[in-house]
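In order of appearance the chains are A, B and C, and numbering begins at 1 in each one.
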Amino acid sequence: MWTAFRKALALILSGDRELGNILLVTARMSLSSSLIALLIGVPIGLWLGSCRFRGRQALVVVNRTLMGMPPVVCGLLLYMLFSGVGPFGRLRLLFTVEIMILAQVLLITPLVAGSLETYVSGIAQPVRETAKGLGLGAGKTFLLLANECVYPIFSTYLLAFARAIAEVGAVSMVGGAIAWKTNVMTTAIMQYTNRGDFSLGIALGLILMAVSLLVNILVSLLQRRLSR
Amino acid sequence: MRTEACAKTFGGRTVLSLPAIELAPGRICAVVGANGSGKSTFARLLAGVIPPDGGGAVLPPRAEVRYMPQKSYPFRLSTRANILLSGGGEERAEALMEALQIGRLARRRATGLSGGETAKMALARVLSRPCGLLILDEPTASMDMEAAILAEGLIETYCKETGCAVLLITHDLQQARRMAGDALFLYQGRLWEQGPAERVLFAPERPETRRFLEFYGGA
Amino acid sequence: MKKLLAWTLAACMLLCLLAGCGGPAAGGSQPPEQSAAPTDPPIDESQPPEEPAGVDTVILKEQDDSMINTYTLLAVNPDAPFTDEDGNPVSDVAVNTAGAEALIQWMLSEGLDMAVQYGQAEYGDSLFYLLDGAPRYEGEIAAAADETRTIRLSTTTSVNDSGLLGAILPAFEREYGYTVEVQSAGTGKAIAAAKYGNADLILVHAKSQEEQFVADGFSYVLDGFQSERLSFLYNYFVLCGPSDDPAGVKDMDSVLDAFAAIAGGKYPFISRGDGSGTHTKELALWPEELGITAEAESFEGYTDWYTSANAGMGACLVMAEETHAYILTDKATFLTFQANGGIMG
């Protein structure tokens, strides 16, 4: 393990180009997918949590089911759809970072929506009652509700990012772990491990954890600053 | 202003069943009754927060209603911004904060206020604009005596100046006696007694009302 | 702020804990850079290489004819009978035939020489050998055009893990301007990728499946070649085990005898158990009367010595090292494992 630490440090310090590319692709993929999932999932979560309508409970159950969707299943589904013989084969998206992002958005959006829904449904009733009592319209009430969610949105983002950066099943399926193109930290770790190169795998794992720690610290600082 | 007859059931149990009630403008009407007598449900029906059974509205469609729930929600904004939400303007907000002695909290985030401070903020928020009917559900429950007296004065002034009808739901019999011109006594979801406060709150006709008054502060 | 500090502290403690676990093991193993290649003497058939301190598992049998492993290139036929999941024919599948042709031509000319050399620098030993009668290409190779620039090569994990493609393909990309996207998966999925229209050519080592691929019409004969299947390289699986070799397989005449001895003495054996090429090969080496197949029931009675790991090669090697077990592996993975001092062991 000590050797792995030294190797990790040496790798980072040597500015290894392939490692740099892997880090870059990982960052691009997980940042994009978590942000897109946030943009889609937050309104859905707010809507599901705050509005009372027929079929809402059914939608919540569907969303919770999607939250538990195994990544490989999601990956397999997209693989079939975007294969050369699949209905979207013409788009030639398979084995690109874009489809990895798509897969992760599909995986993460339900998580974001579900986590927001749980929070919002807890505060929706008093918020709506108070706003109605002040004669505020539906639009303004929704904005107020969204404003209440700033703090949980940050923690939800961390959840989304953590899932994105650590996910391997779906991205290896649709991304193909192609060197210099779609290889990310997790697929590279798998590759190195299968190859018997554990120290490189651990080195990458350490970098992954360090990046995760860094993002956590940054987002938490931002959260404290913005939600005071 | 006149309310329609209304009823509310939860899970098959009738919580409230009331006849039409006349509310006089410029007067405070106290609503008293034990826990579970349907006071808050009545307030929420009037405010339009929950629909009465059979749909429709309890109040005439154009009535402008302001309502302060029992647990009025402090929005994640400054105290001043919270009060400005109802659109009463800067000047009115400043005056209300001054009157309730929360001027120094104007820039503080409302979510960090104490229980009493939150209640003052909520009262200022609901009083910052004139309306036709003001419904207050236990507005002073978490205030201390001094603050409650301040609040009562403000509510009375507001009622007089705007000429609106005020429905004051309260547990505090002394407060009801101090403020109300009229009173409603609810008992197990029914309107048990109504009339001028001097009669309902001091010399009620029905034994249930008398028992309630004895329990809560002597007849 | 205090909360944040506590948090950071907790993370640091976690890292320290991880480091602490590795502490004792680190003392025993030397840095791999110093211990790998230089101390290895040239290999001959009976003498396994000196292993670096820390790894007990050694190569006991190699270059045996029953462990031969032949690598084949196949170009994907653009007019193949592609179908979607429901079996409906799909006609307009995009295949970069020109790119695939260029890559195959290069692999059978300059690439061939590089492939045979691969491994000499790092391990002092070739990992791939030139097949007798392998097709050779002598003509011109077309440079990349916009349409043909990206070549999708589907291959098995073991090929990719050997590092061969990473070592030789950059030369091709530099010289002719192509970009080769190598996707690796298990043998079955690597071939399926081509059938799904997701590859321009495949590089695999599973004869029966290659023949099926050809029979199904998914490949075609390139100009100037005799066959769809262009077999060009080979190497051997190796049988590894603990250095004290309790079953005495090192001195056996053949690998088949060695496997019989392992089974007879119930010496621990780690099987990939994942349907990979290595697994398939291993299944063919057991004495027939044992009846070991890929089915779990077939080795139900042997679980006291036969472990079906259902894991990648690397993970299986660690398991073999830990349990002093015998194992069938490709040579490249084993050499990497060994060069790293079996880091988990």
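Note that contacts are C-beta pairs under 8 Å (C-beta built on N, C-alpha and C of every residue); 3 or more make two chains touch, one makes a residue touch a chain.
Note that the coordinates shown come from a computational prediction; the quantities given were computed from them, not determined experimentally.
Undergrad: Touching both subunit A and subunit B: give me those chains, sorted by label.
TA: The shared contacts of subunit A and subunit B amount to nothing, since no chain touches both.
Undergrad: Counting only C-alpha atoms to place each centre, which chain is farthest from subunit C?
TA: B
Undergrad: Report the chain ID whose CA centroid sits closest to the centroid of the full protein CA set.
TA: A
Undergrad: Between subunit A and subunit B, what is the separation of their C-alpha centroids in Å?
TA: 46
Undergrad: Just curious, how far off is subunit C from subunit B if you go by their C-alpha centres, in Å?
TA: Distance between chain centres, rounded to whole Å: 78 Å.
Undergrad: Go ahead and note the Å separation of the Cα centroids belonging to subunit A and subunit C.
TA: That pair's centroid distance is 32 Å.
Undergrad: List the residues on subunit C that touch subunit A in their complex, please.
TA: Within the complex, subunit C touches subunit A at residues 4, 7-8, 11, 15, 18-19, 21-23, 25-26, 29, 31-32, 82-85, 90, 92-95, 152, 157, 160-161, 163, 166, 181-185, 195-198, 312-315, 317-318, 333-334, 336-337, 340-341, 343-344.
Undergrad: In their complex, what parts of subunit A are in touch with subunit B?
TA: 123, 126-130, 132-136, 144, 147-148, 150, 227-228
Undergrad: What part of subunit A is in contact with subunit C in the complex they form?
TA: Residues 1-6, 79-80, 83-87, 89-90, 92, 94-95, 176-179, 181, 190-199, 202, 206, 209, 213, 216-217, 220-221, 224.
Undergrad: Can you check the complex and tell me which residues of subunit B touch subunit A?
TA: So the residues of subunit B touching subunit A come out as 44, 47-49, 64-69, 71-73, 75-77, 85-87, 109, 122, 125-126, 129, 131, 135.
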